[in-house]
Amino acid sequence: MTQAPVQQLDQIFVMLKHWLVGYVPAAAQPVVSSLLSVVAILALFPALFAFTTVLERKGLGRMQNRYGPNRVGPFGLLQPLADGIKSLTKEDVVPRTADKAVHFMAPLLLVAASFLAYAVLPVGRNMAAVNLDAGVLYFFAVGAVAELAVFMAGWSSHNKYSLLGAMRAIAQMISYEVPLILSSLAVIMAAGSLSTVEIAGRQAGYSGIWPHWYVLTPWGLAGFLLFMIAATAETNRSPFDLPEGESEIIAGYYTEYSGFKFALFFLGEYLGMFAISGLGITLFLGGWSAPFSFLTWIPSWIWFFAKLLALIAVFIWMRGTLPRLRMDQLMNFAWKFMLPMALLVMVSAGVWRFLPHGVLRWIVCFVMIAVPYVLLGRGLLQGKKIGKRTYRFAE
Amino acid sequence: MLGEGIVKGLAETARNFLGSFVDEERLTTVEYPEERLPQAEAARNFPFLIYDGDDAEKGLRCVACQICEKECPPRCIHIEKSKDKKPDYVGKQQFYPAVFDIDVSVCMSCQICVEVCPFEAIRMDTQFELSTDDRFGGLLWTKAELAKTNEYYHSIHPTEAGETDARLDEEKAKVAAKAKPAEAEMQAKA
Amino acid sequence: MSAMVTRVVLEEEESARGVEGELLEISMGPHHPSTHGVFRMDVRLDGERVTRLKPVFGYLHRNHEKIAEKASYLAAIPYTDRLDYLCSMTNNWGYALAVEKLAGIPVPERAEYIRVITAELTRLQNHASLIGFLLQDMGASGTPLMYAFREREKILDLFESLTGARMMCNYMRFGGVRVDCSSEWLEAAQNIASSFPQFLDEYEQLLTGNEILMARTQGVGALSAELAVNAGITGPMLRASGVNYDLRKVDRYGIYDRFTFRVPLGDHGDVYDRYMIRLLEMRESVKILEQALAAIPEGPIIDPKTRLRGLRPKAGEAYGRIEGPKGELGFFLISDGSTNPYRYKVRPPSMINLTVLEDMCLGRNVADVVVILGSVDIVMGEVDR
Amino acid sequence: MTQAISVEEIKAAMEAAVPGCRAEILRNESPSAQHSLLIDHEHAVNVAAFLRDDMALRLDFCSCVSGVDWPDREITEKVKVKKTVTTPEGEAQEQDVEETRKTMIPGFLEAVYHLFSIEKKHGPVVLRMRTVNRGGDARLPSLTPVWRSAEFQEREAFDLYGIVFEGHPDLRRILMWEGFADYPMRKDYVPPAEDDVEAVAK
Amino acid sequence: MSLSFLILALLTLGGAVAAMTLHRLVHCVLALTVALAGLAGLYLNLGAQFVGLAQILVYVGAVAILIVFAVLLTRGAEIASQMDSSRQGRFSALAGGVATAAAVFAVLAWVVLHSPTLSAPAATMTQVAPQAAMQQIGDALMRRYVLPLEVMGLMLTAALIGAVILALEEKPEAQ
């Protein structure tokens, strides 16, 4: 087997795993193989979480004309270490009236559910922990467990703010799951498969230098934007951070958590964000494939993480800019804008498939999405009489 | 169109984000213990007592008139008048404060004491790194801690100190001028 | 955090229509992230809809008025700094104006100009940071607030170099101001005046057209002009409801009749109008600043005949008021001829503007309450006194 | 602050509009020359409503409500009196005798309302009301039904001075806590010793 | 009987028992969720990926949440489920429960014992390839059962609209 060094680099982790698994008896090999994948996920993504917290704080800082953390370690990169020590040494406060068992289990369940989602994410060529046939379905099923964890946290704290936060969170997550799944359905239709590995594989080809990413079609772009908006809401990130809107309900469902449990919630939230960004990358941004055909020499896993970081940067950017929505507006947006748009994207994806290649299908698909967008947007704003105003002046 | 304002806002934060790497204006943070801004000359924090010469006891300008004690809005000054007298800067016999305490935990840095002092004896310091682990004793400053030289005053508020000195010199000259005829008279009498 | 909700009990109550509703009683505050200090609202919620809201304050009460009645006229000035600690300059001015009325003290021209300059600078920094706080309450994770503070810092630096302190300026005296400003200081103020519109443009670029901001603020907390007038609402909040009442125009106190500026008026009286009125007012303030800086004459800064220490106004009384950044800031003084005011009363705009908080919040939800409270612009130092 | 209408005119208009109302002009000798009108309790609300609604006055804006405490005063004056004195000799004689007389002026609490007109842009018109005494009869009619802006300020006067405003919709303590016993702004209020935390926190 | 089956079966049964015996309603719901998740695990264990995952998505993700909301909105969460304190009441409740469980078990056992797969030779029992299983489900739904599917969709839509109308009617009343 003579492989080019580039390909070797691309597959270095796969080969490493094979090599390690080779040392154990054949009977134990499947178990060890999955264990290795699990360990990799458990090591990698929390590390990414740590890194992201610094990145987020520094990025936000720069947007706000300040430095962000810069005292611990070079450029403040060791800040998460200090934060971790702090949260570990903090007193773990459990309210007296709390339901102790449920209160304890909620953060664990949240983190566990978030970790489970990574099983089906192909982070590189041949690099998915499991190639499930119903991978996308699995992803959403596991994501649904997070809602339960949030409810448990909010209810068990026996605090009204927690309960309000949990109610908000669940209502929001359920509402945005619909456009989230619908917009991924367009991709599933186009790819003809529910398997994440398969979907990523479908997008790995090139026409000229351009990749076959679904985002590079009108319906794909719209679907991607819808998916990301829904993902922001799913992960409770600004501007959809109502469940933990600190200016309204303190910290929402984790008001009564402190110390390491609080850190676990934090971890769970970020893991959810990475996972859903990972799915977005897999579905729309070609997974691990390079953006141009001449860049394929860069290892696939680098591409995946580069895209992941880029998406996280967008999350941070939005957080640094936007104020929060209100609950009813959030719901209106989900049901009156996101849902019809997601359905249209599906239809548009079907049309795209059945129209012949050429300019025509670009125009048809674009119009199919752009016109309703403008109309729905106008309806959303002017239905509530929202717009810029002019003011009069007294001399 | 929906999203227009949001995109504009995003552009603005992006501009600030990128600007923070190139533009001094967009990254205003001063990293405090290492970097310090120059202090404004008018800056004020807590009061101190000025003395002339080297001896804090002898050169203290305060004559224990207790005006500042009365006028101090939060009443953080405590003065006990001396029994004996000592000469002030013009040589006149004056009382001096046997005790002069300021409770800086109460002081609100308002500068009223400075304004009402007719003897140019109390001024505002600019020192602000004053943390202490003694909540009561450490924040009650006695005469010894409060007394600072006129040179120190010049170093923190040069303009104001110059004006003060000029005023004092003028007064000294006046007293001297008054004293001279008196002396001459004395001599004439003699 | 649990202390906040100790009083809270799930309570079953029949709502007005006889529909069995589930009402949640929440005590928002005194330690709540968006109550601007120690302020509490006893809120009753039906779902997330507010059915009752009672403001509770006094946590910062220190009996400011009694303190001032026990102090001399001069010694009360530093205490006024601490009323609305964002705007010490205008507080000083309000008090100085009342004493000047009471004792008939003239103010030299240069001092009047300096007063206008510092007061307008105060207005700029107050409005800018208020909008920052408002957006913070709306969940904008600090960016607008940081931009506002960046500009505010420049103004505070200016105050420091003039008065020695950044916030507790203790600068104005009855009969004038305490120290003179140098030509360099005026130049620095000019720089701020000319660069401030740029900042406002940046702010508006970031915020004004934002759909989320518009959706969150338009139609929220609307206050009718009649109610606003009857409830004694003043300042930008009153003008956002469309009432043309700006003391700088009405009373023409100081030398405000020498400047040309306009008073922006809103038509809806909602949070968005209050936000926009403040933005527009800042632009007008810049205009006043430019004119004042161009016209400031040389001369004395304090009336030489006035005794600061031991002032004994003739027995009588006076009510002096100015247009503070938060509204009408009034001081009512009664003199009995001694060195201390017999009665010293502050008319705190922050507190009186809270009168209509419940009216504005009824039927809205928790998220709106926070935004409405933010748009009222309160500082607890002034509310509680 | 331009006082467009003199207090005398207002008094006349007031007495014409509200029959039976008694008003007294209190002169203010200070340079501010803000004279005030002392009105009686019974007609206070009607007078206030008249002031607010009268087309010429339109005092629609009640800016400031202040409580003032005037404690009991003792005026000592020396008076010369003719008196019949029995001289040591036993004979009655009329003499001029100096005598100190003490007159008690009973104290009262006062509420001062500063009214302005936003519509006509004039003011201030100062309205005063006085309680009968400082004890159990420290009662005044509330003007909150006329001007909502008095709501919090009357509560404050109640809280700090103990003036009970009758007809106030929600007369509770506002700055001090419920259960606080005294009225701290009164001139005879004795604050608890600084280190007496118990008394302060009560 | 494999180890994984044993664990999952215990989990399911344990969850079900807990759901019946726990005092607080919310605890019962959570225990029920465990039982449902265990069931999903059993499906997955049998190689029925789609059914297993759909079970999680629908039952854990939606039904459990729905029950939770229902419990919260009726405020049953605050009150421990009221047990009938009298011995007789308790006995009759137990008897009723046992009778229901026995009836359900009998029906299920009858169905299982008469199912054609049981009589088929063991060779055909081997697991179907997952890909094929997914395809088969899709094919079956879209070809053979397309009419029932459509009818069901129509019914759900009707239910949805009905729910919306119900919610709308309440609104003006509340205001």
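Each chain gets a letter, A, B, C, D and E, in the order it is written, and its residues are counted from 1.
Operating definition for what follows: a residue touches a chain if its C-beta (ideal position, glycine included) is under 8 Å from a C-beta of that chain, and two chains touch if they have at least 3 such contacts.
If you're wondering where the values come from, they're calculated on a predicted model, not measured in any experiment.
Between the contact lists of chain B and chain D, the overlap consists of C. Of all chains present, the one whose mean CA position sits nearest the global mean of protein CA atoms is C.
Of the two chain pairs examined here, A-B and C-D, it is C-D that is joined by more C-beta pairs in contact. Distance between Cα centroids is largest for the pairing of chain E with B.
Rounded to whole angstrom units, the spacing between the C-alpha centres of chain B and chain C is 31. Per-chain CA centroids place chain D at a distance of 76 Å from chain E. The centroid of the Cα atoms in chain A and the matching centroid in chain E are 29 Å apart. Distance from the chain A centre to the chain D centre is 68 Å, each centre being the mean of its Cα atoms. Those residues of chain B in touch with two or more other chains are numbered 2-3, 6, 9, 12-13, 16, 28.
Multi-chain contact residues of chain E (touching two or more other chains) are absent. Each of residues 63-66, 320-322, 381 in chain A touches at least two other chains. By the touch criterion stated above, chain C contacts chain B in their complex at residues 67, 71-72, 74-79, 81-82, 143, 147, 150, 153, 157, 160-165, 168, 170, 178-179, 202, 205-214, 308-309. On chain A, the positions that touch chain C within their shared complex are 60, 63-66, 95, 159-161, 164, 238-239, 241-242, 245-250, 255-256, 319-329, 381, 384-389, 391-395. Taken in their complex, chain A has these residues touching chain B: 59, 62-67, 70, 317-318, 320-322, 337, 373-374, 376-378, 380-381.
Every residue of chain A that touches chain E in the complex is listed here, in rising order: 99, 102, 132-134, 137-138, 140-145, 147-148, 151-152, 155, 163, 167, 170, 174, 177, 194.
Put simply, chain B touches chain A in their complex at residues 1-3, 6, 9-10, 12-14, 16-17, 20-21, 26-29, 31.
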